[in-house]
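Please go over the structures that come below.
In the two assemblies presented below, chain A is common to both, partnered first by chain B and then by chain C.
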Partner chain A sequence: MTTTAQAASGNGSVLLEAQDLKKYFPVTRGILLSKVTGHIKAVDGVSFQLREGETLGIVGESGCGKTTTAKMVLMLERPTEGTIFFQGDDVYGGNEAQRKEYRSSVQAVFQDPWSSLNPRMRVKDIIAEPMVINWQLSRNEIQQRVMELLNNVGLNDYHSNLYPHEFSGGQRQRLAVARALSLNPKVIVLDEPVSALDVSIRAQIMNLLKDLQAEFGVSYILIAHHLATVRYMCHWVAVMYLGQIVELAPVKELFDNPLHPYTKALMSAALPSHPDTPQEEMILTGEVPSPLNPPEGCHFHTRCPMVMDHCAFDIPEVKEVTPGHFVSCHLY
Partner chain B sequence: MADATLSAGRSRSLLPSWQTVSYVLRRWPILPLFTIFVLVVVGLLAPWISPHDPLSVDLDSRNTPPFWYQGETATKTVVQQVDKWDVEARTTQISLRDVRKDFPDREWALGDTAEVVTKPGGDSDHWLGTDQTGRDILSRIIHGARVSLLVTAVSLSSGLVVGTVLGLVAGYADQIFLRFGNHIDETIMRIVEITYAVPTILIALVIVIVFGQSFVVLLGLLAFVAWNAFPRNVRAEVLSLKTSDYVALAKVAGAGPLRVMFVHIFPGVINTILVISTLRVGQLILTEAILSFLGAGIPPPKPAWGAMVADGREYLADAWWIALFPGVCIFLVVMALNFLGDWMRDRFDPRLRQLE
Partner chain C sequence: MAATETRKDVVLDVKDLRTYFRTRWGEVKAVDGVTFDLRKGETLGIVGESGCGKSVTMLSLMRLIPMPPGRIVDGSISLDGEDLLQLSEDEMSKVRGSKIGLIIQDPMTSLNPVFSIGNQVTEAIRIHQDIPRHSVMERALDVLRKVNIPAAETRVRDYPHQMSGGMRQRVVGAIGISCQPMVLIADEPTTSLDVTIQAQYLKLLKDLQQDSDLSLIFITHDFGIVAKMCDRVAVMYAGKIVEMGSVRDIFNNPSHPYTEALLASVPKMEEDVDRLYAIEGQPPTLHNLPPGCSFAARCPYVMDKCREQYPPEFNVAEAHHSACWRLE
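Entry: the complex of A and B
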């Protein structure tokens, strides 16, 4: 949605660009001769850009398509339509070698540090696995690099012989980060990396991620639903609702001047840092409509407090309201 | 008095309390493990530890009871001819001809009294007695353990390999064969379901009638019984593991389907395989016994527990030990394996592991 304009307003060069990504999951009926009766539109036309050394946050409530977007970036799901450009190349158009190159440049850290590490492997094997698969290195070189990575994430050499269950949640998330860093990736997809952690550990992991970004110049795509995390970590924020990005802006601009009614509602639902801080109350009514059958027109019109007549049939276009601030709403 | 309290106190400190013993027994599968250990040791060492040849027939000492069994004697008066139809006479009189045959070393006359053995007692040569042809039951049980072990080992290992491979393929087919994966999965699982519906014992009897009773046929039948528990459980485990986060991360790291399968998924199903195997061994021993009992199992002269129970069935009223002891062995071993399997299932369940 924002290709050229967003590029113009940033500093770094564009590393990864998603263009009109769509992912529809078929809903089938019947056992033997199953028939496709509909599609769940998990992601319905999402575009964004990620620049070198920056963090793009994707926020939205459960089921809005954040994780599916992440999976498409990680090539775990194939987009139904649209594509991803990495350093100018279409990642789905290239040959096997290019795809392998892309895969080793994009790594991930998942939400649950208890299920994202194989419980039957030692830490050194977990961290070494991406290198074993992608690089031809001697045992010694790998060993050395594992130690280096452990030190990078604040763990010690002796941890390498332990099993994941011997670590706490925060330490496990550090291990996951070490593994993600092992191939010197350019992009790391962080799928709610701190939401499973204790509040006291969260800050540590977020600081670690920021330090690593400063040190290695890696870009992050941060999936989150906790707005404070996003505000602290990100340079850009995309707000998703029902498979679409409704607002995209630099982090300061978005938090200071949210435009889309859904963004405003999200902001008002977050707790203020001080209980006496006056806050605009904006409570949405009703449930998120089913992605199987999303509303006509603006997807948000069924719950929007500022709904107008033509919202029900007119699909809003993306508008750049102020430089770098994109919103798709009929109000602007 | 002082002595009594002192010794009571000492015994409490030296011996574990009943609560401790029962706790340990409930917590750890000591009794099942002990039973299975005995079975394996006895089976492996059978030729060296069995007191008699399990096949040697001795009609003179047939139906000897177990060693603790007291014989019965009665004082009988020697008469010319015992009236067969008179119950009273039969218990108190013995004919001159019989008494001369039983005690040839002295002279007998009418009206003498003789101490006659009416029921033979046990003797320490045959600890668990002998069967209807005078074969030593203890030796036959020991050799029967060997046969059971051999049969289950062969049929279980073949069933385990086939079943596990099919389960892995069914669960992971959509990742390897892509579009056809679903059909492969469906086909394998439908075949497994068909085998569940097959009445094994009936089919076994038919096959034995057609091919004759032989060791190879029995092994084939038992392997058929053994394999079908594996695919379903292994597949279920694979289905849950292949959507786990660490498998997704392995794919992100560039791991191919074979690496994911052998490095990440297979180690996760080993526990399941162990548990099913343990539970299946009990079932196989039982099936082998049932088939032998029905005369479709191990060919006759070889001692098999099931066949021994079948042999002893006709003599239950007079010589219950022929059927009872092998029956008890089957019961103990199958129970032990079931308890051990249950324990392992609970132990390996990761949801329960956290609760320790």
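Entry: the complex of A and C
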């Protein structure tokens, strides 16, 4: 994706940039003399930029590669090809010290706050752990910082001595956010941060995340499947299908003027917010094909309602239709 | 006259249902006086957060409450004029699956992994319907085709793990409708499915309903599903129905503060919202409910009276009632 043009249309400076990221998982057969029989192309050439103080949403169905992309950003998976630049430096090119610094400036909040917090650690130790590992601080300083973080996420000092099981889901997600904030990160990857929570609690956490962004200027990469959440939280949205970004645009542009047939289908499949909301009936047939053997040409052509003859063998190029709005489809 | 006319269509009539559980923290009133009816061909949504009693209501209707610790303390559930709570266990197992069908949330666990799809779909037919053995499989294929399973003849020999989540949920749906029930209860049937698959499944349920005049109960936490699928809605909070009415009444004129707050706290896809309304605090724990209205602690309009006495139901409009002192 021509990243320079995307940069021109935004205002903040580029903090993190992914260039043509690919992640192939080998599929093997046999146990002893195992042979590689194919590759699952979980992520197949993804490029995007993340600007300071902004949120990039990545939407798509299960198996589209959004979580693998997030893992590569977090350095939990090494890309098969492609690179990630952080403040201009190639994160995989640096030495151990640089990588450690990168890891502390990119933090994560995961979907399920019941499994992402160690049940045998007290809250104060959970939140302090990243600082103990990465910073040389005295015990007092750490204690102070833990209290500060707890207050930032709307909890109280006395919560610091409790264990995770003593908290409700929403409060646990607040703890996970506090831990992610502890090292003053520049980027936080939010992997479905509210989908495990109750409806009335979701708004609390989304508002908290927005407030923290305004206060600390942190950037978010939000992985989500719920389009309304994305509209509320994000500045930019990338729509993924079978390991590729099919459309990328500023949030308002994407929702007002979706171009890719898959984006349109996702929007028409989303549930209405009122019974009288007019809805286009555009129900896709079939299911997402296996990433082990994706269709030739445009990956989406097997389910696309607007399919044309050459979609089956021509791979569509990424085009910038209006400034900042990228789509990869033969219709444009 | 008009009143008796509408009563005639009522398939399911639930009155003052109370299901309590005995726990070591005391008695938990999971469902505490729930009253609603369901008409022929109608879709009723029961909305609420986790722990509000919506799933226990559903299990009580099917008489699947584990006893002990649970027990249905009071109330009546009349299905087609027959009180299910008076039936013996044997009689009830004839009703389950034949008159009331059930689709539960997780298609990964609701099918048995060691039996083939065909075996599981025919089971209900074999038990409930008196048809010759050789035509049982034909009936099973019919229902599988009805839920749009491609190549049903070969798919019946498959096992659940050979199917995708969406296909499995279709099979669960096929079992649910295999004996042409009058009422089909769907407990969060699409939460584990992807968005585009969810859209397919909801459309399928609508088509099935139109074909056979089925009455549907949708148990969900998602107002989007309610907006898309339901005719009427009951909003539950802490074991009680706090507001009930037609879908349009509830969306256009929510009169219980909880309904209002829930609707305001959901982000919308069609418009930009600067800031979502967030309900303060947590839902109460059911074994230690405060006296008075259970929502009082989180309610922005709370009055002294709310903390003392639980509000009765006030009529807001025809067939739209809400339990809130503000309406007095």
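Basically, the second predicted complex is superposed on the first by the 331 of 332 C-alpha atoms of A that agree within 3 Å, B and C clash if a C-alpha of one lies under 4 Å from a C-alpha of the other, contacts with A are read in each partner's own complex, and residues count from 1 in each chain.
As a convention for this text, contacts are C-beta pairs under 8 Å (C-beta built on N, C-alpha and C of every residue); 3 or more make two chains touch, one makes a residue touch a chain.
In this text, all values refer to a predicted model and were calculated from it rather than measured experimentally.
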According to the stated criteria, A:Pro130 is in contact with first (chain B), second (chain C), both, or neither; which is it? first
Which chain, chain B or chain C, is in touch with more residues of chain A? C
For A:Ser116 in the superposed arrangement: first (chain B), second (chain C), both or neither? first
What is the contact status of A:Pro275 with respect to chain B (first) and chain C (second): first, second, both, or neither? second
Could you tell me if A:Asn140 is touching chain B, chain C, both of them or neither one (first, second, both, neither)? neither
Help me check something: in the complex, which residues belonging to chain A touch chain C? 61-62, 168, 170, 198-204, 206-207, 210, 225, 227-229, 231-232, 252, 255, 265-277, 279, 283-285, 287-288
Could you pull out which chain B residues touch chain A in their complex? 244-246, 248-255, 259, 263-264, 267-268, 350
Which bits of chain A are touching chain B when the two form their complex? 74-76, 100, 103-104, 106-108, 110-112, 115-121, 129-130, 133-134, 176, 179, 183
Considering the complex alone, what residue numbers of chain C touch chain A? 49-50, 164, 166, 194-200, 203, 221-228, 247-248, 251, 261-262, 265-270, 272-273, 275-279, 282-283
